[in-house]
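Shared between the two complexes below is chain A, which pairs with chain B and chain C, respectively.
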Partner chain A sequence: MNTCAQTLMPSLPVQAPAPAAAVRHLPGDLAIWVFIFAELLVFGVFFITYAFARSNNVELFNAEQLALDRTSGAVNTVLLLTSSFLVVRAVQFAQAGESRRAAPWLAGAFACGGGFVVVKLFEYAEKIAAGVSLSSSTFHMFYLSLTFFHFMHVILGMVILVAMWNGARNGRYGPDNMNGIETGAAYWHMVDLVWLILFPLIYVMR
Partner chain B sequence: MQSSLSSPRASSHGTPRRAAIIWAILIAATMLTWTIGEGGKAGPVVTALLFAIAFGKGSLIILDYMALRRAPLMWPMLALGWMTLVCSLIGLAYWKGLAT
Partner chain C sequence: MKYSSQSVALPYFIAAIGLFVGQIIFGLAMGLQYVVGDFLFPEIPFNVARMVHTNLLIVWLLFGFMGAAYFLIPEETETELYSPKLALLMFWVFLIAGAATILGYLLVPYSTLAEMTGNNILATMGREFLEQPLLTKIGIVIVALAFLFNISMTMLKGRKTVISIVLLLGLWGLAVFFLFSFYNPGNLVKDKFYWWWVVHLWVEGVWELIMAAMLAFVLIKVTGVDREVIEKWLYVIITLALVTGLIGTGHHYFWIGTPQYWQWWGSIFSALEPIPFFAMTVFAFNMVNRRRREHPNKAAVLWALGTGVMAFLGAGVWGFLHTLAPVNFYTHGSQITAAHGHMAFYGAYVLVVLTIISYAMPLLRGRAANSERSQVCEMWAFWLMTISMVFITLFLTAAGILQVWLQRVSDTPMPFMQVQDQIALFYWMRLWAGVVFSIGLVTYLVSFFVKGESKPLITA
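Showing the complex of A and B:
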């Protein structure tokens, strides 16, 4: 039988392995990606609901949006983007087999997350002092609930960053053990990604 | 000799230089969005620009920082599809608001 096959296909080439760069690989754990897409779906529904609620009351939304602090929103965007960059650098160090050198980058990312929390708390304090609450108006109900929902994700992301930092400090990550750091990084980037739509939608779009 | 940086997994996270350039682009785009907001700019063209910027920024995060550029195609397509759908429906809602 083998001889027959060899006779029929005498010059069939042995398939060479795919070049390294061509191998497609989903970073991190599959479960985190399922979780990330579930989160994106929820945030997406909130964003679209906000946009259609606004379409029914454009003047109110535009008037109340003017009172938001766009500068603190932009500062928070910069903080999240910078923390995402620092996480990418940490992952690159882990990939290069330099797990311990990844730790300070993760600490920097955590500090940026902390900066986001502080700016957001000042923003909330200012709003609460001005008498804003969930029941003030439809706009404020959306503003507070959407930004607070995102805020809770930042807090969870910071807890994950601490776990990643601890792993990096103990030399846990390397080219053969990237799952943990890639999984945490994917979650943190999702928190950033969602904010990139939330900021123009709630703070700027008029 | 095969270093760790030539493994398939190493290639998926890009280079430090690329990550830094992308960070600079993302920050510049954020400054543009902030400038539009502070300038009190409004209207359909401005809104289209705002979400084009957001889409561009999101695509860089998805493809480069999340490293989905080298993931099986379904994953970047799903993430970019989410961005497209959300930005399009926000645009539709904005247009509806103009009409009412």
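Showing the complex of A and C:
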């Protein structure tokens, strides 16, 4: 992992390298971590509310959960985990001073995200045709809301990946300038993390 | 004052303060009407006094925002205002239109006002806060567009800063969302749905952007903290505000006939709406702690810190108290709502406008800060108004809790008017707190005229 020291004025480039253990390094911009915290808070509150609603409707939730497409969910889990791995590789290349070699890995991560989107759209089409809507039941409301909010964050994450890919292509990142790529990577990992909680919670756990 | 065109802010600020005084006079009248029901009846019935009170509030805050923009945009963009003449012309148009509207409310029966002003062409009257005749609403749009044109042209030719971009985004948003006041569907559910696209997306949306930008500007000036630090905080604050506030609109969609999922969405997202206000408070105190200079305008620093705290309490905490659907089911439309509304508006928007006036007015009058005697007087005004507002809020909260219990929760609920009799004591106490508030306001006015040796401008 990056051992370069970085001040906590995140928009300034690194002033001078310090001994490895001297300063704790925050990967990416402080602002994105505040944003990540806020997002996790919103999702967290939503998850807790789901748990609360479920505790009042255990049988309904269990029954309707069975009708969810766990295969799609599993495929999507693999896709997101793979994409996160690809992003990690890209960051490693940038850290090693090979920004342009990072670009195809980011493109691969974008493609995995795209795969997630396609799988999700098929899943939604099938569910909507079967009569699932925000008003059809409380479980369906949570299922659609949570997965849709997450879906929107995947879209935003993909936009960020494009920006990172562009930066990598132009040789912008390197050991002295990791802020941009680490910031975007942190966001994408958050999107992945949310799914890793969402999938077991909504699709699997009984 | 670095750019001569900043001087157009002065009439806007003066009008703002004048209309604020008018607002409070009618507030006092209503405070008495709560307990002496036929006070001023039939000349100024309660519903008319209320329209005047709320409309004056909104208009004086708009004057304040516009004055703030005319003051800070030239300084941020490092260029003179595009058209000071247009700014002054729009000032008079807005003031005269506003005055005429208020006189219309007071002198003419509302239905007659509607006939006179073409409400039959497009019906836009009759809704809370949007009682203005069609002509006035069109006038507001014209004034807003001219104002935005002026500010935007200034920004295009000058330096772009995060503060000015956030402010402009907020102001354009204000104008765009006001257009929904022209949309008045026959379906009552839709009517109420879109009404909140003006009100909520203003005060829990774009107005927060305006407020954050204004606060950031004043904090840069009085603390000297690095612009980059403040701008980063600003991005964080507005992101939090939009992420929580946009879907947080749903906390107004619980009971109006919309689908039930709004009770979940509205509760979850609006529960988090206090967070940006908390961030603003931490931001303000943090910046002052890290200040690099001792600015002579101590009063402005007090107003700025006060804004953070009171906005968090009034909008954030008091808002949270009744934002969850299961709670709101019982408290909706009660005195709890009034308690929240007063402290929120005062804490967030009244205080931020008074903050920028406190900072800018001395500069507009040719000095860095007022004399110590004047600042002390101004700070007395802050404390009198703020403490009395806290008491107004506490008394209304007590009234609201009792009202909700007696009228809705109890096993033997009492009718509305009987409950009002029971809580009348709190209304009297609220009225006295309102009187102290008015004394604070008078103290504030006096502070502008206190003499003494003022702090000279240092051109640096």
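To be clear about the criterion, the second predicted complex is superposed on the first by the 184 of 206 C-alpha atoms of A that agree within 3 Å, B and C clash if a C-alpha of one lies under 4 Å from a C-alpha of the other, contacts with A are read in each partner's own complex, and residues count from 1 in each chain.
The working rule: a contact is a pair of C-beta atoms (placed from the backbone, for glycine too) under 8 Å apart; a residue touches a chain by one contact, two chains touch by 3 or more.
These numbers come from a predicted model, not from an experiment.
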Report task. Go through the superposed model and pick first if A:Val119 touches only chain B, second if only chain C, both, or neither. Result -> neither
Query raised in the report: Is A:Ala96 touching the first partner chain B, the second partner chain C, both, or neither of them?
Result: first
Query raised in the report: First (chain B), second (chain C), both or neither: which does A:Leu81 touch?
Result: first
Requested in this report: Have a look at where A:Ala111 lands relative to chain B and chain C in the superposition and call it first, second, both or neither.
Outcome: neither
Report task. Check the residue A:Phe52 against both partner chains and state whether it touches chain B (first), chain C (second), both, or neither. Result -> first
Report task. Using the superposition on chain A described above, determine whether A:Pro200 touches chain B (first), chain C (second), both, or neither. Result -> first
Requested in this report: Examine A:Pro175 and indicate which partner it touches, taking first as chain B and second as chain C; both and neither are also allowed.
Outcome: first
**Report entry** Superposition-derived comparison: chain B or chain C, residues of chain A touched
**Finding:** B
Query raised in the report: Is A:Val162 in contact with chain B, with chain C, with both, or with neither (first, second, both, neither)?
Result: neither
Report task. Determine where on chain A the residues touched by chain B overlap those touched by chain C, and list them. Result -> 41
**Report entry** In the complex, chain A residues that touch chain B
**Finding:** 20-27, 33, 37, 40-41, 44, 47-48, 51-52, 54-56, 58, 62, 70-71, 73-74, 77-78, 81-82, 84-85, 87-89, 91-92, 95-97, 174-175, 178, 182, 185-186, 189-190, 192-193, 196-197, 199-201, 203-206
Report summary line: Listed in rising order, chain B residues that touch chain A in their complex are 4-16, 19-20, 22-23, 26-27, 30-31, 33-34, 36-38, 40-43, 46-47, 50-51, 53-54, 57-58, 61-62, 64-68, 70-73, 75, 78-79, 82-83, 85-87, 89-90, 93-94, 96-98, 100
Query - Parts of chain A lying in touch with chain C, wherever the complex brings them together - result: 9-12, 30-31, 34-35, 38-39, 41-42, 45-46, 49, 53, 134-135, 141-142, 145
Query raised in the report: Inside the complex, what are the residues of chain C that reach chain A?
Result: 226, 228-229, 232, 235-236, 239-240, 243-244, 259-261, 264-265, 267-269, 271-272, 275
